[in-house]
């Protein structure tokens, strides 16, 4: 018979003065609002946050190490598992990096397909972000709206490559699949369907007084801090820095399209919300242009059967929905990469958490984690 | 308003109040003491109802049980009770204390038994149904100044408590 | 004995005042039953309405259209393991949910469903309601403290701070309603719940529309405060699941958790009843003076029956829309039976003796149901306030507005 | 059956008062001492209300004022307790031996 | 006990019996196999790092104080509201003085920032 009760080992805390009554509390890993298994150790004074410490690694799978034991082709599906809500972007970045290393270029039609899928993926990722972020702040309804509409995107993915989430849509050198019958029509239909829906989300939130109060001035981060910490993506743009790799270093077929890079001013949660909503509209614009101009032609470049890049290294980055997603690949001339290092946007952006929530309230931690739009699969890899 | 089962309710409620009162001063854990005190207060509210003082009973429930006791509970949670629970609960003057209390009790009992004629055994016809209204007339008539001074007292209480508790003021 | 029972039936007061403890007990049992049914119905309705607001279906599996889902939930909770965290304070942990339930239920003693349909009427009815509902703070603090865990204690402190903050605004709004009762020839008002409704009848106006817009503002202050009092969205911070996982009842499981659930919903019904009694004329039917006369009386007295017939009709429409697959046969029959029962209740309500007696209760419940719908609607629409904003709303907006409205109402009452 | 008279209430009040006095004199925890003071105030209130059955409503009004007083007392008393705890890290009555800290 | 208050006791006694009885009845049907992990306080899957009772911020206490004081004020308003019309202008002025004194306190605490949460 064992005694089911047990006793905590209480640590004797040095001083317990009321004014410095620091309270240490664990948020996560099993918490409804940390978007996965993030553990944040909060140091609180009542409701005020004195400091945070992120403990990550609960979802670590050693993706980078795995790469060293797989051929370039075999590693391709693994990258889908990093940011599983934006798998297409991960694949795009990886394929383009290896292509760069191999010195091949995907044919224009493949590039257009890549752009369409990547932008659809951006939409899907932002929709998921919006739903969960709003849920964290207490608005439960947007979640269901965004999931309903995200479903349409996933349907297109499923029809295109058979998978909904971890798509593995692209191959090194182009795309494996030709677009299916009626792809253009369905994407156009989707565009018509989703354009008013974005207005619908905004109607629920943008001018909602409580939403504005909960997000304005919360988790503010300046452009300087963003750059110092390497924060990218919508978080950086909301601070007023016009940096978008699609514009700055165009990859795939982005140079052909006309779109705006929305920026915010104050870098608070509300601005990030506005920036992302605007980005969704710009994505729709890009998709519309791409679907109109999609060229005919092959979808696969001439790539050797066995991919054996020359000795060398490459860093290539793309604009994933969450920020700059970079791949640094070192090749030793064999069929397996010598080293793959991923620069995941979530991981880098998560660094800003402590800076953003300091001296704010507990509820703001939730809002800030939501607005950073992290995916733990990508943080931990 | 006919009274119903007065004897039963009197013994029940006063028993409740006294047992709770004993618990208040004997419990080791202040939270338990506070809960016992709440019970005593509610029992006493029942006694007020029996004495045809429903308004006072309502005030007792709202202010004492619902207000002051919340304050007590907050403070108990604010100060670390773990430490004080492990310490000696009663101080060294417990003999003196109990002696004084017993003496006081004997005095009371003497006054009540010997001085039975002190209190007339008549019962004023209290208008139970319009109790609040009668209180209003008196409170805002006869006791006008007391009432205004009560607001000053409250003002002082707010200022005192906030100054006392808020260091960075 | 029979005479004792009969003696109440033709009296014109509540059983408590008539001193008839038998009927008082019957009323109490009826209230228990009615509340349980209301909470079960509310549970189902909330999930269904919220689901339809969010373009989904909600419970559909247990029973036709998920009608039996709350019962399934109740059984599941009853046979669920009851866990008490180690180092919890056993007695307090055990007694806290009971206190919360008692305080949420006891309020209903003075709720007047009709001029005689209340357990008892007290001289201090409103005070009693406010006092008893303020006691639920104690249960919540105890629950949070006894759990010996961070999240529940934070939830409990937040919850109690929130409840006490909004109680002030609530009290001030109530005072301005009580003040309106004294605007008669004798200049004497009342705190009794029945008396308040009767004075609305006598003054021929619901207090929400008296001294327009003062009554309405006081009513809104109360309406906001009551949402905060019951810890519902957008003021549901104490149990904000994204921050504190479940607030003060994080550590509670099984049946004890369901007691908190029961208390939350009965508290919602209770505060809605106070609001209805104080501002919306309690059991009085709408437009008693605009649409007066015996014809209108008959028309309004038919409405309860019509409502139930309509509900039955909706259920029958549901029967025809059921899939015709044999798999759904039991469900279809069940739904048809439910519709028929509703229809029969509707027909029963058309009978003249029932018609006359049920009317008060019907109007009262209809008004309360309106508030319940508002609660669900808020939950579907609003994000959650942050704690400092919540305190700001309570102390810096509602409190000054409440005092201001009270003073203005008093001035208006003296001058007019 | 003895009819319940005012005297009965007075005896209950006296007992409560004595309980409060014992608490104040013997307990070391300041919070419990304050609670015992509440008990004493309550005993007084019970007396006042009981007497108001004989002498009219004055007693009840005094009881209301006493409750008001108790609220103010609790607020300030607990405020002092918090200031004390902040400096001395204890809620022990015996250590309250300074007039200023 | 005046008769119209007796139902309160019937009511509380009924609930006070019904709920514990149901709790005990449920004990017969529900499983009971506690383990160390199951009985651990919830802290998101991590062993609690800190003692969880005590040391909460003093602002909750300030809120409670303000509540008690304004509750007293509300209580004093009730009898006045009941007798409001009969007391007339005199009662109104009396109450305005009472409120004015408290409003001074209210403004003071607002200015001092006791109402600010952070």
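Chains: A, B, C, D and E, in written order; residue numbering restarts at 1 for each.
In this section, contacts are C-beta pairs under 8 Å (C-beta built on N, C-alpha and C of every residue); 3 or more make two chains touch, one makes a residue touch a chain.
The model shown is predicted, which means the values in this text are computed figures rather than measured ones.
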{"item": "Furthest chain, CA centroid comparison against subunit C", "value": "A"}
{"item": "Chain pair showing more contacts of the two, C-E and D-E", "value": "C-E"}
{"item": "Chain whose Cα centroid lies at the greatest distance from that of subunit D", "value": "A"}
{"item": "Rounded Å distance, subunit A centre to subunit B centre (Cα mean)", "value": "61"}
{"item": "Centre distance in Å when subunit B and subunit C are each reduced to the mean of their C-alpha atoms", "value": "32"}
{"item": "Centre distance in Å when subunit C and subunit D are each reduced to the mean of their C-alpha atoms", "value": "37"}
{"item": "Whole-Å separation of chain centres (CA-atom averages), subunit B against subunit D", "value": "6"}
{"item": "Multi-partner residues of subunit D (at least 2 other chains)", "value": "64, 67-68, 71-72, 74-75, 78-79, 82, 85-86"}
{"item": "Touching two or more other chains - residue numbers and ranges from subunit C", "value": "19, 21, 86-87, 122, 127, 145, 150-151, 153-154, 157, 160, 164, 167, 188, 191, 245, 387-388"}
{"item": "Per-residue multi-chain contacts in subunit A, two or more chains", "value": "4-6, 8, 16, 18-19, 23, 25-26, 31, 47, 361"}
{"item": "Contacting residues of subunit D [partner subunit B, same complex]", "value": "1-12, 14-29, 31-32, 34-36, 38-39, 42, 45-46, 49-58, 60-61, 63-65, 67-72, 74-76, 78-83, 85-86, 90-94"}
{"item": "Subunit D residues touching subunit E - in the complex, by the definition given at the top", "value": "64, 67-68, 71-72, 74-75, 78-79, 82"}
{"item": "Contacting residues of subunit C [partner subunit E, same complex]", "value": "14-17, 19, 21, 24-25, 27-29, 32, 78-88, 98, 101-102, 105-106, 109, 119-122, 126-127, 145, 147-151, 153-154, 157, 160-161, 164-165, 167-168, 171-172, 175-176, 178-179, 181-184, 186-191, 245, 250-251, 254-256, 259, 387-388, 391-392, 395-396, 399, 403, 406-407, 410-411, 413-414"}
{"item": "Interface residues, subunit B side, partner subunit D - complex", "value": "6-7, 10, 14, 17-18, 21-22, 24-25, 27, 30, 33-34, 37, 40-41, 44, 47-48, 51-53, 55-56, 59-60, 63-64, 67-68, 71-72, 75-76, 78-79, 81, 83-84, 87-91, 93-94, 96-98, 100-102, 104-105, 108-109, 112, 116, 119-124, 126, 131, 134-135, 138-139, 142-143, 146, 150, 153-154, 156-158, 160-165, 167"}
{"item": "Residue numbers on subunit C that touch subunit A, as the complex places them", "value": "50, 53-56, 86-87, 150-151, 154, 158, 233-234, 236-237, 240-243, 245, 379-389"}
